[in-house]
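Down below is the structure, laid out as structure tokens.
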Amino acid sequence: MKKIEAIIKPFKLEDVKEALAEVGIEGMTVTEVKGFGRQKGHTEIYRGSEYTVDFLPKIKVELVIADERAEAAAEAIVKAARTGKIGDGKVFISAIEEAIRIRTEEKGESAL
Amino acid sequence: MRVKHNRSIMTIMKKLLIILGLAATVASMSVLAADPEPVAAAADAVVATVTATTEAVADAATAAPAVSSYEEFTATPAFPKFVVDNLWVLISAALVFIMHAGFATVETGLTQSKNTVNILFKNVFIVCMGVLAYAAWGFNSMYPGDNWTISGIFALGGPIPGSFDPATADGVANLTNAYNPAYTYWTDFIFQAMFAATAATIVSGAVAERIKLGSFMVGATVLVLVGYPITGSWEWGGGWLNSGLDKMFGAEFIDFAGSSLVHAFGGYAALAAVLLLGPRKGKFVGGKVRPILGHSMPLATIGVFLLFLGWFGFNGGSVLSADPAGVSLVFVTTTVAGCAGGLAAAFTSWGVLKKPDLSMTLNGILAGLVGITAGADTTSAWGAVAVGAIAGVLVVFAVLFFDKIKIDDPVGAVSVHGICGNWGTIAVGIFGGGKFMTQLVGTLAVSAFAFFFSLVVFGIVKAVLGLRVSEEEEVEGLDVGEHGMPAYPYFQPVAER
Amino acid sequence: MRVKHNRSIMTIMKKLLIILGLAATVASMSVLAADPEPVAAAADAVVATVTATTEAVADAATAAPAVSSYEEFTATPAFPKFVVDNLWVLISAALVFIMHAGFATVETGLTQSKNTVNILFKNVFIVCMGVLAYAAWGFNSMYPGDNWTISGIFALGGPIPGSFDPATADGVANLTNAYNPAYTYWTDFIFQAMFAATAATIVSGAVAERIKLGSFMVGATVLVLVGYPITGSWEWGGGWLNSGLDKMFGAEFIDFAGSSLVHAFGGYAALAAVLLLGPRKGKFVGGKVRPILGHSMPLATIGVFLLFLGWFGFNGGSVLSADPAGVSLVFVTTTVAGCAGGLAAAFTSWGVLKKPDLSMTLNGILAGLVGITAGADTTSAWGAVAVGAIAGVLVVFAVLFFDKIKIDDPVGAVSVHGICGNWGTIAVGIFGGGKFMTQLVGTLAVSAFAFFFSLVVFGIVKAVLGLRVSEEEEVEGLDVGEHGMPAYPYFQPVAER
Amino acid sequence: MRVKHNRSIMTIMKKLLIILGLAATVASMSVLAADPEPVAAAADAVVATVTATTEAVADAATAAPAVSSYEEFTATPAFPKFVVDNLWVLISAALVFIMHAGFATVETGLTQSKNTVNILFKNVFIVCMGVLAYAAWGFNSMYPGDNWTISGIFALGGPIPGSFDPATADGVANLTNAYNPAYTYWTDFIFQAMFAATAATIVSGAVAERIKLGSFMVGATVLVLVGYPITGSWEWGGGWLNSGLDKMFGAEFIDFAGSSLVHAFGGYAALAAVLLLGPRKGKFVGGKVRPILGHSMPLATIGVFLLFLGWFGFNGGSVLSADPAGVSLVFVTTTVAGCAGGLAAAFTSWGVLKKPDLSMTLNGILAGLVGITAGADTTSAWGAVAVGAIAGVLVVFAVLFFDKIKIDDPVGAVSVHGICGNWGTIAVGIFGGGKFMTQLVGTLAVSAFAFFFSLVVFGIVKAVLGLRVSEEEEVEGLDVGEHGMPAYPYFQPVAER
Amino acid sequence: MKKIEAIIKPFKLEDVKEALAEVGIEGMTVTEVKGFGRQKGHTEIYRGSEYTVDFLPKIKVELVIADERAEAAAEAIVKAARTGKIGDGKVFISAIEEAIRIRTEEKGESAL
Amino acid sequence: MKKIEAIIKPFKLEDVKEALAEVGIEGMTVTEVKGFGRQKGHTEIYRGSEYTVDFLPKIKVELVIADERAEAAAEAIVKAARTGKIGDGKVFISAIEEAIRIRTEEKGESAL
């Protein structure tokens, strides 16, 4: 199994969710994160003093998926999350050794 | 002027003036005060007549045949007007009370969430302590009548009485127009008591996020108990400021509702405390200012609205009667000054800082209100607009200035109350019914006393108890450090719930 | 005392006293009340004269030549004073209204964010329902005049009239000093109506985070509609408490603004509901108390400030005129008692619990205010400090006590309003103008009735509708469960936005 | 009616009526108004007499021997009553002021957190600008006396005077009952000024979360400066609505405190702005409504409580004296209407939408208050319950309706103020002292003018400055986009702190 | 070393913590997340318009643990987090190559 | 590629960010988490009842990086985040199989 982690722009979450649904993905977990990258933060002013907001709000989408479906899922995410502007985010893929569904104790791919 | 008794000026005053000369540097903004005469002319007439009127009414009232009990008094023709006047001062006390909710929310909104319980606690403490300290000592120290310890300069205080018997001469003396043409002893006390805690509340905002709770409580108590009544007695208690400047400068000092006696006092006491305390960790790093953002703009805004509301009582009640001409003029001048301050600060921050800064605009409203407080009864409507607008511009630059000289005041208390308190007092010599020099000397005297008194008080507290929480506590927040309790436990231990 | 008509004591009273004897255990704090005589002496004189005065004014007013229309009345010499008195009671009604905002925010702040919409909804509902229920039934049930159903004990209510024609005798009877020396029928109604909902609001806080919305709404409506006017009629309506205890104990029962009639009523009604409901899941686990933290200390603090502000109307307006001596004394006693309560609770929690607890300090302020409510007009200033301070200590131990006996009251409503309502009523027999035994019997009677009435009402509701939400709903929060709507949807579905 | 001077109807009115005919479609809810006669009969008597009374008092006052200075005036028998009346209108001004805090918090609570600073800034700006614009132009444009530019239709404005000398005839003319039997010039101005900004504040809520800050500021300023005083002058300034409909419909137009002049004006001005602006991105997606949740229900609820409180001044102060019969009736009708509106909306939403919706209940309270505003002095208590309840039902369906026709109004301002403003005005012809047709024509005239005026103003602003922020800014939030400052910087750069 | 990631229902955190303590686990990191899965979100109404809350609040528990203890830990979590109702969550296991304790620079299993 | 996950004390974030910038790292993602470990939570009191706060606020920094730079990055983090007091946190390193830059669809190390 693979784990796909995608860092995306927050307002793209709905699109990504729908794109994943289209390729048949039924489960995912999302987290609010802050990202630091090429997309530089903006300068803001508070009571006369400038400061830089380096960390921009992003959403992390995580899903564990059978090996053979990983590529399709990654592709779906990339397509749905793209705006073409800097800061669109990344997709990372890694290996997962085991998955367990807590409710049923099913293991492996059938747990997803 | 809230004097009960007048006393002539003392020679000791001269010595004080020397100290004031030195203190003049502190109040470097005096340069801002231009030609005192022009605008004030028409307004002078207003104040003169309103004062005359009030006195006339007073005369009429006191000329009423002496009564032997409160009950008899209620049958005199003076009674209905006395009832309204007294009621308005009481309602004003309630309005001033709500200012403490305003201070609490402004200060909370403009600081970090990890110090919220601490700030709320301090503000709640201050109201409670302030009223009781004033009852136990302050009121009698501030309004000594003839019981000065050092004439015109200092009077020992003491507890207010517990009760008056309305059926006796004692009751008549304190519950009728024998006490004051417009209100009872109780009304006088409670209205003044609501003002008393304000000075300490102003300090609270400036020292936020790093002062030890216990140390603050001790220092603030001494300020309210001892310090505030002293400068208060100088003017409203009939001391040297009230009656001593006439011969020197050709006019008495005027501070209608306390631009100096309340606001500048608080602002300069805060400045001294802040200097002893130092800036918050991380505010000034390597020559640069790193802003520490307030955690809730809605709280800050609610606070300013509540303060504005309270100001109708602060200034409106300081007419000390419901006199229609007086109170309605004060409502107008107070409102337009606050509004002008807000707009001026908004546009100044927009122009100078490139963005319309909400927190500056809020400060600007307060600045305008502080500014008009000394002259709300003697400034024309458009004069009040000018006073407020200048205060609104001033406060933006004052905030920038204190940041530049690395004085860290999280909520801008020194700028709003100190600097604009000075400005407002001086403005009475420009737009209102006062003389420039008298006003300048008066506001410097009060500011200097507040500054040095606070420096001594918090200096001793620092030596004995320490002033500042540990670095670790500052990083983790005073809520957990001082109170063991977060303000917003969002992510609670959730088991079984 | 707000009686319109007096009725002599009924024999039924004796039966009630038996119930009261049993209920005495509920109010175990009675031990706290020591020797009733000492302090009250001087204060007695005050109240006597103020009352005399009020009556004198009343006599004078009613002695005025009868008028045939409201218009004529406006030309009588009594009119100007009538205008002020009436205005003050109306302003007080507005101040009492704002207490509901205070209750809403205190209760919201001291509970979890997942139940916020539910608590806000309940509080908003209660004000709306309370006023209308009082108009439709309660006012006439509470102030029956001569129309008792069971003399001095119970009166049927009914709707208030829709309008009066000021040009007729009807208008004169209800819109002039023929109705009351100080206010019109409408003023009387609206001031009382603002009080009515308070009892139910107190219950709302205690049952928070687990009661079914519909069940609460039904129970609270019956409390306000039927229950509150009954005990109210006993005292303010001129029933047996007002006129029946004199012969037995040598003094009438005194409950100036409702330490018992409003606060203890609410507190003991809440206690019964809480007993029927049980503690929140997770509060008491294996013999240990697991605190469930309130989610916003700023909200809780704003709420207490608003309640304090409202209390100026609650107590100040209960003078039922703008009488300067009366209202100004009440302002002073109310303020110092609240402040003393806050300080006492702060230092008690600091001493006993090792940290200065903000939520306890806030409870302490309310405790002090509840405490002085029964005797605000007959207690000396320093007596009020004592009453408030004792209430502030008491409330901390009461909160600990109820936790210990596993009674779960998220906001401390039973401690603040119940226990300190009892204390305040009894304190009138110690520091104020009352007799200890009368006060004890009175507060026990009201508390016992409230407790058993609420037990029956919520008992029936429990049997018919069920009282408690499902475990699942309690875990997930009543906001989504009852209202389908979170209070703070921070992490919204963000698509296309 | 607040007219200072009456003017007879103009022929130009007829032309206006043609426009109104067209505009009638806009106000499609007129169908709701049934038979005008029944309930109003009894109430008619009330209003007649109260009015008579007020006038009688006025006559008495003005009949007093002319005085030559304010000081002399204070010795006349009319003075004590004048003091109370004036004081009440001033206190009312303070209460209306606090409504702006209410608007700010309601609007903030019902929108997203990323636009919070922006909304707060707009609301703060509006109060400040509104008061100053009214001082500089609006007051004199709205109350032209005899100085109409187009008789009964339009008057040029100009700045209020800066001061009056109480020792001269000028002072007498403006500070005594020579100006008005119940208040001074200053009081008149400040009370009216507090109303002035309201119209723009209503717009602020409707256009929230997408309008450019600068564009809003310009448009709102023109609305307050020019637009609001025009329709105001038609009725309260003594223009054609006030005196011109009698011959046509057999009754004058009645709008006691501004259901039309303030609320419908604001609501329809908002509608025009919203139409020009379009819905928020993501609100209507593919024929479906996607709700955008407000971020803080406590803020929204606090806001409604503050608005309700303010309404005691809004309506109570509009009696324009402290007349006991008048003010106490208004307090009762205002309160019960608000409460009935809240309950009606709560149960309507529960029935129709399956869940008791807090935000709808809050809108319902406001709807009830807006509804009673036109007839608060001439509706019976139970009539007010009916007016409020109908408004509460109406507002729920209005909100659903505007969502259905894809008009995006985040806080329901058009429904609450526009639709219920119309309803309230018409209700005076059903439950109050007015005639149905007059009321219908009047409210349509005001609404139509507000709509078209706003359409033109914001249309020009759109052409010149643009109305809407960029899509990107809308997504990221206006706080950072317009102000460079988040409202809740929870996750701050934390280094060194 | 293994990393165990468990997505659980929020109110089960305390139980899971205790279960892990019983099998001797002394360190873990938890995050508030939102989950999308078979457990369908509920429909809510705001001002008259329905909307679906797809993402339900969950807690993610992460712990890094020596290989041989992974199974026991996973089992303990599954047992403690189970309610038997849909939405109980998942456990994922993957490999961790290195662990460092920042305070001491200890590496490997002794860093845990 | 490697993924470095570091759990650090919140007030150390700025230092860590700067240390990483110095070794040339341009991208990272941070999350607010709560940690449970040897650093015991503190006891607090609410309305008279004690309770233990077991979970302390921490920040999780995640970055994906080319294999050869992983060690330097980990070292930089450890150095910057250390206070020497208990609770400083951990660094975990694991393998990442693929990375995609959403904006450009670049893959592998060039996507970082």
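Some observations on this one:
Which chain is which? They are A, B, C, D, E and F, in the order written, and residues in each are numbered from 1.
Rule of thumb we're sticking to: a residue touches a chain if its C-beta (ideal position, glycine included) is under 8 Å from a C-beta of that chain, and two chains touch if they have at least 3 such contacts.
As the structure is a prediction and not an experimental result, all values here were calculated from the model.
Least step count on the touch graph, chain C to chain F: 1.
In the contact between chain A and chain F, the residue numbers used by both copies make up under half of all numbers at that interface. With centres taken as mean Cα positions, chain D sits 34 Å from chain B. Centroids built from CA atoms put chain D at 48 Å from chain A. Distance from the chain B centre to the chain E centre is 55 Å, each centre being the mean of its Cα atoms.
Centre-to-centre, using mean CA coordinates, chain E is 18 Å away from chain F.
Each of the following residues of chain F touches two or more other chains: 11, 31-32, 34, 45-46, 51, 54-55, 94-95. Residue numbers of chain D whose C-beta contacts span two or more other chains: 80, 84, 91, 290, 293, 296, 302, 354-355, 357, 359, 475, 484-485, 491, 493, 495-497.
Interface residues of chain F, counted against chain B in their complex, comprise 11, 34, 42-46, 51-55. On the side of chain B, the complex with chain D involves touching residues 42-43, 45-46, 48-50, 52-53, 56-57, 60, 80-81, 84-85, 87-88, 91, 95, 112-113, 280-282, 285, 290, 292-298, 301-302, 304-306, 308-309, 312, 316, 322-325, 327-329, 331-332, 335-336, 338-340, 342-343, 346, 354-359, 361-362, 365, 380-383, 385, 474-475. By the touch criterion stated above, chain D contacts chain E in their complex at residues 289-291, 293, 349, 352-355, 357, 359-360, 396, 399-400, 403, 412. Touching chain B in their complex are the following residues of chain A: 45-51. Listed in rising order, the residues of chain C touching chain D in the complex are 69-71, 74-75, 79-80, 82-84, 86-87, 90-91, 93-94, 97-98, 100-101, 104-105, 108, 116-117, 120-121, 123-125, 127-129, 131-132, 135, 159-167, 171, 175, 183-187, 189-190, 193, 213, 296, 299, 302, 482-490, 492-493, 495-497.
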